[in-house]
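The same subunit A turns up in both complexes below, where it pairs with subunit B and then with subunit C.
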Partner chain A sequence: MQIMKRSGGIALLATGLAAAIGLTAGMANAADKVVMAVPTFLTGAGAPAFGVPARNGAEVIIEAINKGTLPAPYDKSGKGLAGRQIQAVIYDESGGGVKQVAEFRNKVQKQGVDLFVGYISSGTCAAITPVAEELKMLTIFPICGTPRIFEEINTNPKYVFRTMGHATADGVAEAHYVKANMADVKGYTGINQNYAWGQDSWRDFDLAMKQLMPSVPASDKAQWPKIFSGQYGAEISALMLSKEPLVHSSLWGGDLEAFIFQGSARGLFRKKKLLFSVADTSVYRLGKKVPTGVILGARGPYGIFAANVDTPLNNWFRKVYIDRYSVPPVGGSYQAAQGVLAAKFAYDKAAAANGGKFPSKDQVIAALEGATYQGIAAEVHMNRSNGHQAATIHQIGILEWDKDAGEPIMTNVTTFPADCVMPPPGVNGTEWLKGGMKGAKC
Partner chain B sequence: MLTLIAILVDGLIYSSYLFMVAVGLTVIFGVMKILNVTHGSFYAFGAYMSATLVGIYYQTDLPEFGGFLVIFGAALIVGVFFGVILERGLLRFLYHRDEHIIVLATFAMFLVLEDVLLMIWGTDPYYATEPMGLLGFIDIEVLSYDVYRLSFIALAVVVGLGLWLGLTRTKWGKVLLAVIFDREISQAMGVNVTVVFLVTFVIGSILGALGGAYIAPTISVSPGIGVEVIVLAFAVVVIGGMGSIPGAMIGSLLVGISRAAAVHQFPEIELFVIYAIMAAVLAFRPEGLFAPAQARKI
Partner chain C sequence: MRYIDKTVVGLTIAFLALLFADFFMAEWMRFIGLQSLARGTVALGLLVLWRTGLVSFGHALYFGFGAYAAAMLTLLGYHDAFFLVFAGTLVAGLLAFLLGFLLRRYRAIFFALLNMAFSMILYGVIVKTEALGSTDGFSVLAPTFLGYAPEGEAVQTTLFLFTLVFTYLITLSVHLYLKTTLGGMSMAVRENEIRVEYLGYSAEKVIHVKYVFSGLVAGFGGAIMALAIGQVDPDSMANWTVSGEFVFITILSGIGNVAATFIGALVFELIRTYAFEYAPQFWQFILGGSLLAIIMFLPDGIWSVLSRLRKAEKAPSP
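Let's look at the complex of A and B:
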């Protein structure tokens, strides 16, 4: 018995030593790499529409960066970020702001993460922003849409960046599109989820419409279903009874799909013109189930809008993505990839300015602030909010079904310059809308 | 007038949906005094199983309306499988423990089953819209209603009536009522409470799964649907009185009609209505509208 105890003690000691050696080796290994945390929805309702496509997009780009196989304009930039391989830590964003803040601190303080590229929910981004600044952690938000990040929560960011336009751009582009294509529209109503994203989307579209088409009345009975409610019977009846012919909706994911199924079964899409601001997340998945003729956006030039962008980078991205995942990349895939590319661009640029040596965090931040870099589908201009907020072109079009190709396509697409749909630098989006969108260059 | 009709029809459809997702929860609580959080998983598994089997069914040349049998079959498979496994494998070891421990155990199982669901079906959504398309729609002036969603009302009536007849007109129902009234005396009188608990739990599980299976053709069956439903089901059960089937019916009607009225007249408060009703009921009748009387033992 005594011998067994001693053996057990030795085994325990050996295990401890092995673990310690392994840990030391791991840390030494990590010093040669850039540890990139990629939080995204891997479970829950946000996973199918945004989370998993975002993870897939990030994985494709990270792998190519590490192998040095990115096409032009990144084909001469070598492997990794400034020569160091990316060690990606992909984890689940589910659980809400409090949990994510705790996880953020854990990743920074205990796991030695060098930068974050992720977060999809506007709520999570809002919770993370002050913590990232407090911990001085380089954090790139590639997807979340609320304008409040740099307009209210932190108006003078140093460590937080967002690499796509915010929700104001969606509303303005949609209103411009309606004005150009439905000049005689008699009124508009909406169905948007009753939380930050839905409320912001409707507010910005409504404010933009009031400026661009002041004589067109908005309904006072726009619908506000609970997020993830899944049942829209009463809302569809209310929309059918409303006299406004145009319906604005920023529903996404399962909510959008349930609304489409229930609305189609009742003929809603024959009676009303629908404008979906983020429906690109579902068009490939649903195929012919999506009603054709609806006005559709993808929060920028992403997903289905990028299907025919003929550049080496986009052609390569779509091919690798489709070969690997058997579905075309959607908005979230493009946006996440665009966020990772921002890191690639910034690290390489900072290293070049540092005489080829690996750059410090401050040098990386300085390299990204105010820069213009090539995203997968379009150029990204980091020229808002002290160079921390991106602006890109925006596109809106009509969804149709291509019988020959057997897939959905966008028709009658209008491309809006970034300076047409995003508020000018230093200007609050809501104030800009209320003030008549002064300085917009359309 | 048309708005009034819309409120009534929409309210009845939504009430039926609420009743279908809440009745299994209330049956289990009524007999076993277990607040079964796993109910959300039964709903989700029912929906996934239904979407999967219906999808497979419509790839064959079998008669189109057979898809409805597949929906009920899916609910039966899920309900019996999980009902038996959970009751025999977990709950029976906890009956002598505090009620709070049992709630926590069912919550733990709910979390486990959410991950099992992801392991089986992944994160991609599943669709099974074919049965909804089969039944067509009815026009009431500018309003159109699809018959499939109208059939929620018929299903809720059949389920409610079936439970009521089963409880009040059968020997088995009377045994069940005896257990509800006093578990210990029933046992002393020779009632096999173990079997009653197992059968009740399986019935509750089937009802939970049926809610998910029947609603599946109208939604995108995707991760997280069980979480949303369990919150709604709890609200309805609390309003009606925990363990009361008529309470679940009245609670569903109250919430369904009020919500429909809010959507048509004051859409901004739609989210608020269900919880406002719950708060009002709890303020004036903390035990719910139709909570069965509790005998106090001395």
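Let's look at the complex of A and C:
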């Protein structure tokens, strides 16, 4: 008996703790709300330039949806998602794929999340896709760029959507731009992070260049720093010594800013022509320190490219955003907002088809599949990968500093139609590029 | 009867209770429980080393090795949990056996940092290997169990059962081992190595055995983790911060009892989960703060609360 009595301690601690906390489960998920999880970088190198602006963009839209203050074309759709208020659960995306998959399960099982709109890093999206399909959870990726999501990881998605173009669009648009504006370029090299996004960005740009400008050689010494490494001394030295005049880079967030600071100090931007595919996120943060004359993209018509788009939705978004955060919205803000709008559009459309009653998850999915809806800056066509992958127009330009206005501006902007830069529906991006981009409508 | 003491009885009751609870637990609780069992098992290996006076800052090496071994076998088409976990445990143990020849000669900070150095080599290799997804890692499909292929929630229920049974057996054997002469040698080596040698035992051999054991259980924990989460990546499996988490759990638990490591691991998971939920921007701060609090107020870990309670219980009786 003595033994029994004392050993109860271990057993009690283990099971009591488990039971006590187990009881608190399942109390979330109130019936009159839609719980929307919004994972984005809140800490670490991805946060200041990308994660936080993305969160801000999502917040502006979620608040307007809940209050019913969105302008046209969403002004007649009432408050909330199909009449229900959004309860946003914003949380941190940092820590890597394993941690995020664990957290995804946690949010679904513990907090009763109804849908996810988020994830910035391609690495996280790649890790999340299988588990989202396994748990049958509606998941909208607004930002991450790796084409592998629907080309390798899941070629027949049911629950996962992406509401912007992927890295292939960036690579193709950049190659077209280089061909049109730097016809006599002698060669190109690159600096990209050694993970899904960096590898895919370089591969697609390289393949597109081989098709469009086959006589221009690529360097075999492209640089591959680790993601979030922050130190680029060795890489900058290698780039300075390389003979290729054009440098392609898909660095983003804190990595990009560190690279720009370190590169500027060593005169890299005077010596080489840089092509940044996601650098728009940093142009307002860096202010006068931005390297002018670089070729710049925002992964679509977002951020600085949308500064002069004169539609009620865009004017409203910029005004509310600037009033609230006192900086202009960047690409990440636009893209996150576009992802949340997809949910608004799909829930409302599904409710309308359902006779005004709140739709089921399957009805929402059916409403979003293959649809066309209005994003903040551009129309979004969900017409790739069985209607789960978006295509939009794409823009590339050259960054300059406007002395009079005291702000950065885009010059020499070229707009590419979606069907020019994205592979046609049902075609694998890499094969499309290798086969000479058949079916592209430029 | 001489093997049955209060810890054995307590562990058995906890085992049976959890076995039963498995079928009723909230899904997220089971998931946290699964991770706690996996991390707790690794901490068990650290506990054994700790009792010998050794702290390792590099057990993510074996954890990551076990996880990646199991995950890579799924890429080759093997999906049986028994095989994957066995293989993950074995290769990690083998690695520990080989490295043990070098590491058993070092003590204190040299031992801790050499372990870390080896773990960062593995980390570097994984990060540079594009076929293994570099920093992204890759997904691991749900396992099967001797031909039984569960779906949906049953995957986690079965895996929990599987993990629970093996963890119980491992924990029990560690507890019994620590009571044997070789097990008791731990403290002796820590207190006075020279005397141990004079008694006719080889301190290095004692350490080597314990080191291999810690490698085996870390590999087991890693393989379980890979299957439980369904994803492996170097930052969550092989980085030095992961080794740090294991040391964290060991400090949190205290080395008083084998059961403590699992309670410590559970508390760690809970702190992290709730900190993450309620303070998404400061969760690391809360995690660090609680470690600090433990070191300051409970230097012997959570287990010391239990022993203090017992002393208090005894005091009033005449």
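One rule holds in what follows: the second predicted complex is superposed on the first by the 413 of 442 C-alpha atoms of A that agree within 3 Å, B and C clash if a C-alpha of one lies under 4 Å from a C-alpha of the other, contacts with A are read in each partner's own complex, and residues count from 1 in each chain.
The working rule: a contact is a pair of C-beta atoms (placed from the backbone, for glycine too) under 8 Å apart; a residue touches a chain by one contact, two chains touch by 3 or more.
Being a predicted model, the structure only gives us computed values, none of them experimental.
> Between subunit B (first) and subunit C (second), which, if any, makes contact with A:Gln262: first, second, both or neither?
first
> With the two complexes superposed on chain A, say which partner A:Leu241 touches: subunit B (first), subunit C (second), both, or neither.
first
> State whether A:Ala126 touches subunit B only (first), subunit C only (second), both chains, or neither.
second
> Is A:Arg105 in contact with subunit B, with subunit C, with both, or with neither (first, second, both, neither)?
second
> Is A:Leu341 in contact with subunit B, with subunit C, with both, or with neither (first, second, both, neither)?
The answer is neither, since A:Leu341 touches no partner chain.
> Counting residues of subunit A in contact, which comes out ahead: subunit B or subunit C?
Here the partner covering more residues of subunit A is C.
> Check whether A:Leu42 is in contact with subunit B, with subunit C, with both or with neither, and answer first, second, both or neither.
A:Leu42 contacts both subunit B and subunit C.
> Which partner does A:Ile140 contact after superposing on A: first (subunit B), second (subunit C), both, neither?
It touches nothing on subunit B or subunit C.
> Could you say whether A:Asp92 touches subunit B, subunit C, both of them, or neither, answering first, second, both or neither?
Only subunit C; A:Asp92 stays clear of subunit B.
> Counting only touches as set out at the top, which of subunit B and subunit C does A:Gly230 meet: first, second, both, neither?
first
> Residue overlap on subunit A between the subunit B contact set and the subunit C contact set?
42-43, 194, 226
> Enumerate the contact residues on subunit A facing subunit C in the complex.
3-4, 6-11, 13-15, 17-19, 21-22, 25-26, 42-43, 90-92, 95-99, 101-103, 105-106, 109-111, 122-123, 126-127, 129-131, 134, 153, 194-196, 199, 226-227
> Please name which positions on subunit A make contact with subunit B in the complex.
Touching subunit B: residues 42-45, 47-48, 51-52, 194, 221-226, 228-231, 233-235, 237-238, 240-241, 253-254, 257-258, 261-262, 265-268, 271, 285-286, 289 of subunit A.
> Quick one: in the complex, what on subunit B touches subunit A?
The touching residues are 2-3, 6-7, 9-11, 13-14, 17, 114-115, 118, 123-125, 127, 129, 132-133, 137, 142-146, 148-149, 215, 217-220, 222-225, 227-228, 259-260, 263-265, 267-268, 270-271.
> For the complex, which residues does subunit C have touching subunit A?
Residues 4-11, 13-14, 17-18, 21, 25-29, 31-33, 35, 127-128, 130, 133-137, 139, 141-142, 225, 229-237, 257, 259, 262-263, 266, 270, 273, 276-277, 280-281, 283-284, 306, 309-310.
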